[in-house]
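Labels for the chains are A, B, C, D, E and F, by order of writing; each one numbers its residues from 1.
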Amino acid sequence: MQLERYAGKTVLALGAHPDDVELGIGGTLARLRRAGARVVLAVVSVPGDYAVRRREAERAADILGAELRVLIDAAGKRIEDFRHCDLVALVDREVKDLAPAALLSHGRAEFHHDHVMVHEAALAAQRLRYFDFFTYQPNFCRPVPVAFQARAFVDISETIETKMRAIEAHASQFSQRGIATDIFRDMSRLAGRLVGVQYAEGLDVGRLLL
Amino acid sequence: MQLERYAGKTVLALGAHPDDVELGIGGTLARLRRAGARVVLAVVSVPGDYAVRRREAERAADILGAELRVLIDAAGKRIEDFRHCDLVALVDREVKDLAPAALLSHGRAEFHHDHVMVHEAALAAQRLRYFDFFTYQPNFCRPVPVAFQARAFVDISETIETKMRAIEAHASQFSQRGIATDIFRDMSRLAGRLVGVQYAEGLDVGRLLL
Amino acid sequence: MQLERYAGKTVLALGAHPDDVELGIGGTLARLRRAGARVVLAVVSVPGDYAVRRREAERAADILGAELRVLIDAAGKRIEDFRHCDLVALVDREVKDLAPAALLSHGRAEFHHDHVMVHEAALAAQRLRYFDFFTYQPNFCRPVPVAFQARAFVDISETIETKMRAIEAHASQFSQRGIATDIFRDMSRLAGRLVGVQYAEGLDVGRLLL
Amino acid sequence: MQLERYAGKTVLALGAHPDDVELGIGGTLARLRRAGARVVLAVVSVPGDYAVRRREAERAADILGAELRVLIDAAGKRIEDFRHCDLVALVDREVKDLAPAALLSHGRAEFHHDHVMVHEAALAAQRLRYFDFFTYQPNFCRPVPVAFQARAFVDISETIETKMRAIEAHASQFSQRGIATDIFRDMSRLAGRLVGVQYAEGLDVGRLLL
Amino acid sequence: MQLERYAGKTVLALGAHPDDVELGIGGTLARLRRAGARVVLAVVSVPGDYAVRRREAERAADILGAELRVLIDAAGKRIEDFRHCDLVALVDREVKDLAPAALLSHGRAEFHHDHVMVHEAALAAQRLRYFDFFTYQPNFCRPVPVAFQARAFVDISETIETKMRAIEAHASQFSQRGIATDIFRDMSRLAGRLVGVQYAEGLDVGRLLL
Amino acid sequence: MQLERYAGKTVLALGAHPDDVELGIGGTLARLRRAGARVVLAVVSVPGDYAVRRREAERAADILGAELRVLIDAAGKRIEDFRHCDLVALVDREVKDLAPAALLSHGRAEFHHDHVMVHEAALAAQRLRYFDFFTYQPNFCRPVPVAFQARAFVDISETIETKMRAIEAHASQFSQRGIATDIFRDMSRLAGRLVGVQYAEGLDVGRLLL
């Protein structure tokens, strides 16, 4: 089980808004937790409906065994209200504080402006420390074609149900809007077929020390 | 239903070997047939087990309502035994004979040498006539990560079962080797989610007159 | 004539500023109008010389048979004065209101910041509805090398003169600055050669239900 | 006039078959000749109609002021009849013999198998000497969409007529088959618009010592 | 020596902040100066520690024989505090004032937000005049993997020491923070190996009139 | 030390000719050996000077602690003398025999025809088993610009001297032709700077189970 490389170390999962990380790498985070890693789930901002969505994020992080941090922890504040250099400073602060062995964040196939900004801030954080850097697949409540190429895969066969529960914790985004979440299970099953396991999540690799 | 543009016209589906076309665009061909197009399924060569695989190809073509043509119709002959210019001539001959309104073939994400050769011959055929040119997703008995980006989608909700039966007609490749085919159904369901239908096949667009 | 698929439906053409749409897809819009589509030409903002350029945009839309909408309809307001999420909201509003069968907008080869913003807002609108999504070639008063790959073509042989008149309606950008417009006719002739018609416009395909 | 850098030096223009070089860089070669360079036009093979096409190639080279070399100078021999290592040896021999200051050849957007082989042999020749390496746009008697991005441009305003005459010297490919050549003039005019001259040819840059 | 093409002409080197230009093309600028070009080193802004870093920039420009211009010449002002259109206007002003024969700037592999903005403003300036346009490799105090492909190379064997001194003039960024600069010498030696000289700098080519 | 994941397992390093593997991943193989992996160095063919180069390959494999296999073990036989399907069969046979946990081979930035063929055969082998798949940087006796992007890095600080000795074992390619090998040390030092170690080798990631 290769994720044991992160046992006793910290992994930082970074997402622009609540539910981004759960959709992209919920199963991976649960696996990392089981492998003995400290997992920090950093949400940059809660773009609206602050109280509800923050509570959902907390519940999802609990389900995954992750520590939640909300970097811009204030109602009514959006990522775009900050300059890019201030966003870089926010991410830098976490990287300096946590000294992560790996950082997982949005990738370059994103087009949601906030996601792109977070991706660029994560890229920039590479100048501070030599952590492994991965990016995850862009996700939407309703899926849209994107050019994402998975190169590294995490077997989440044991944690797929945990992932699904973490996603469903975001009831305001899915069940309460009548949006089904089974597509994320389907996507994990297909990714699993590429590496011979039941369920997997795919990652792109930015920088990895083998 | 947009495929009606091909009603009364000929569509040429080109694959290196038996089952390539069925895996990639079986549902599309069945849809085209229902829309009133003449569908020609051209297999370039039968790489081995000639009698069995040719019969499977015939049955699959029947299921899809397509006319089967085997371009190198001889046992023990492989695509690589031909020069590229001879392969181009084979494809050119079909294009001149059929005057297709659309050509669907292997795409540039392929790495199987025969598939790449067929892709290049299909590209070259564009110099002869102004048909629409599409490429389909690379497929393997056991899936492998490939960089394919679907841009155009065909709703195959009504023909998914026909597609699955056409695939299963290739018993020597799947059931007799204990390889399940349900992944192709899963892939169609996921593609369908990208355009709001139950099942779809994704195509890349080479040249299309709107 | 394939554009008949949009007969009786609405097509939304989106451009950052007056003349962007005319340069990229003026002939296509005129063709769509003739094919029976309702064509809405949405200009996001008028960056300067408000009265003159708005009037030019109106005249151009008239020539093309399109309904003009100016999304940020106020003098002295630039796209950059809005947050990205507000721009997304503006485009979302049109998509919800018009329920378009197709959306044509700026593409990813753009580098003018406003054009990039509009491109990303158009991409994001795909999460709301399942319209066909195309992007058009970046254009400049004085041409600059760009990496744009046309995959789909519209025969504008019948509407090339309409396109040219729509471009010339933007007198403040061309004739009054001594900038000739014949290059746009040349470009259409070359694109036409790729698909065997006299004049064509090339589009990239983001998402298309065949 | 920057091409003077090649005055008194040798430039090697490499094309798979007669007319490839003329279509791609005929104007550039004529310019190089006027600038005082020795220009060698190397055709790898004459794929058919040997006597006629070889004579056409000679006439075209004369028009451009270039020395013609036919690397596989035998009727009925195709590039594909040679192993790749033998083709590399053929190109290596010219590079060693001529010690060119620049090599211009087919590029990576080609899909004609012979053109791809010549492109790869030209790439490999870079290991022998430090010449400037450029590739030219793929061309067809009837144009086909290709992904070619010009980065460097040669002003051929003074040599466009020479280029057109060199193309027309290949009568068996154009006038005798009723194929017009004016599209090549149109393409040069459009390329010229990108750099502010009347006519230009566009090149991709592989390796250039500024 | 090809850089003589710029003798008696102006070359504009554009960087977001002090030291960007020195790291990317310090040796090239020193070479251009020796070749008789007027070299203007334009720094868009001094992001912090204004007095110190401005003085360092002046010293570095002196070492390279370049005229320093700081486009946003005010303490406490960042590039992000400006709208993109205002940044474009700043760059346009320099291009109109200097009428450069070449512009060298940040490229598209950058992800630092300010660098990306400057890259896009430089791209846009191409609409004003027909200068040669090059981009240089992204650089960081501590290196990070980037996708940059050099196509054109400048032999800086004679100016490598000048480059190193210009870099070291930015003491606040390197020696005072204990960051060694020898990696930039190593990178130049490796680039030199690609073109057969002792030291070189690699550039990507945006638009070049040969 | 992450390479311990391969302890007690087999790693297959595949190269077209003697010295390809040593240049690309010599230090990685020595590291893998120290980490307790069985390392098989498979050379597809010895293109010439059979006795000498085979002996050099044996010595190099000894230095790295790898088992040498020559897949086409006959003088005067080139990879091109085989059909692609036969080459695929050769690689398949090794993969079936060795059941490797990882396969390292040529990548898609190669243009040497034999290297491309081996790359494609290695890609195809992925359909047989779920090994990790990496590709290494193209290398030449005299370096040529290539588009290779390293994503994963192996710290070879402890094995750089072993790598250099393995390279020098190929005396017929380097010392006896007066070609220095220090550039490979320089390249490893630069790669090391990207991940904070003294020397590293960079790999692209095709498929990796984390």
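Everything that follows uses one rule, which is that a contact is a pair of C-beta atoms (placed from the backbone, for glycine too) under 8 Å apart; a residue touches a chain by one contact, two chains touch by 3 or more.
As the structure is a prediction and not an experimental result, all values here were calculated from the model.
Listed by label, the chains that touch chain A and also chain D are B, C, E, F. When chain centres are defined as mean Cα coordinates, D lies farthest from chain A.
Contact count check for A-F and B-D (C-beta pairs in contact): higher for A-F.
As for how the two copies chain D and chain F face one another, under half of their interface residue numbers coincide.
Per-chain Cα centroids separate chain C from chain D by 37 Å. Annotation for chain B: residues 144-145, 151, 194, 206-207 touch two or more other chains.
Taken chain by chain, the contacts fit none of the simple shapes, being neither an open path, a ring, a star, nor a full set of pairwise contacts.
Under the touch rule stated earlier, the contacting chain pairs are A-B, A-C, A-E, A-F, B-C, B-D, B-F, C-D, C-E, D-E, D-F, E-F. Taken together, the chain A residues at the contact with chain E in this complex read 83-85, 88, 117, 120, 123-124, 126-128, 206-207.
Of all residues in chain B, only 143-145, 147, 149-151, 183, 186-187, 189-190, 193-194 touch chain A in the complex they form. Across the complex, chain C is touched by residues 47, 78, 80-81, 111-114, 116, 140-142, 144-145 of chain A. By the touch criterion stated above, chain A contacts chain F in their complex at residues 2-3, 5, 130, 151-155, 194-197, 203, 205-210.
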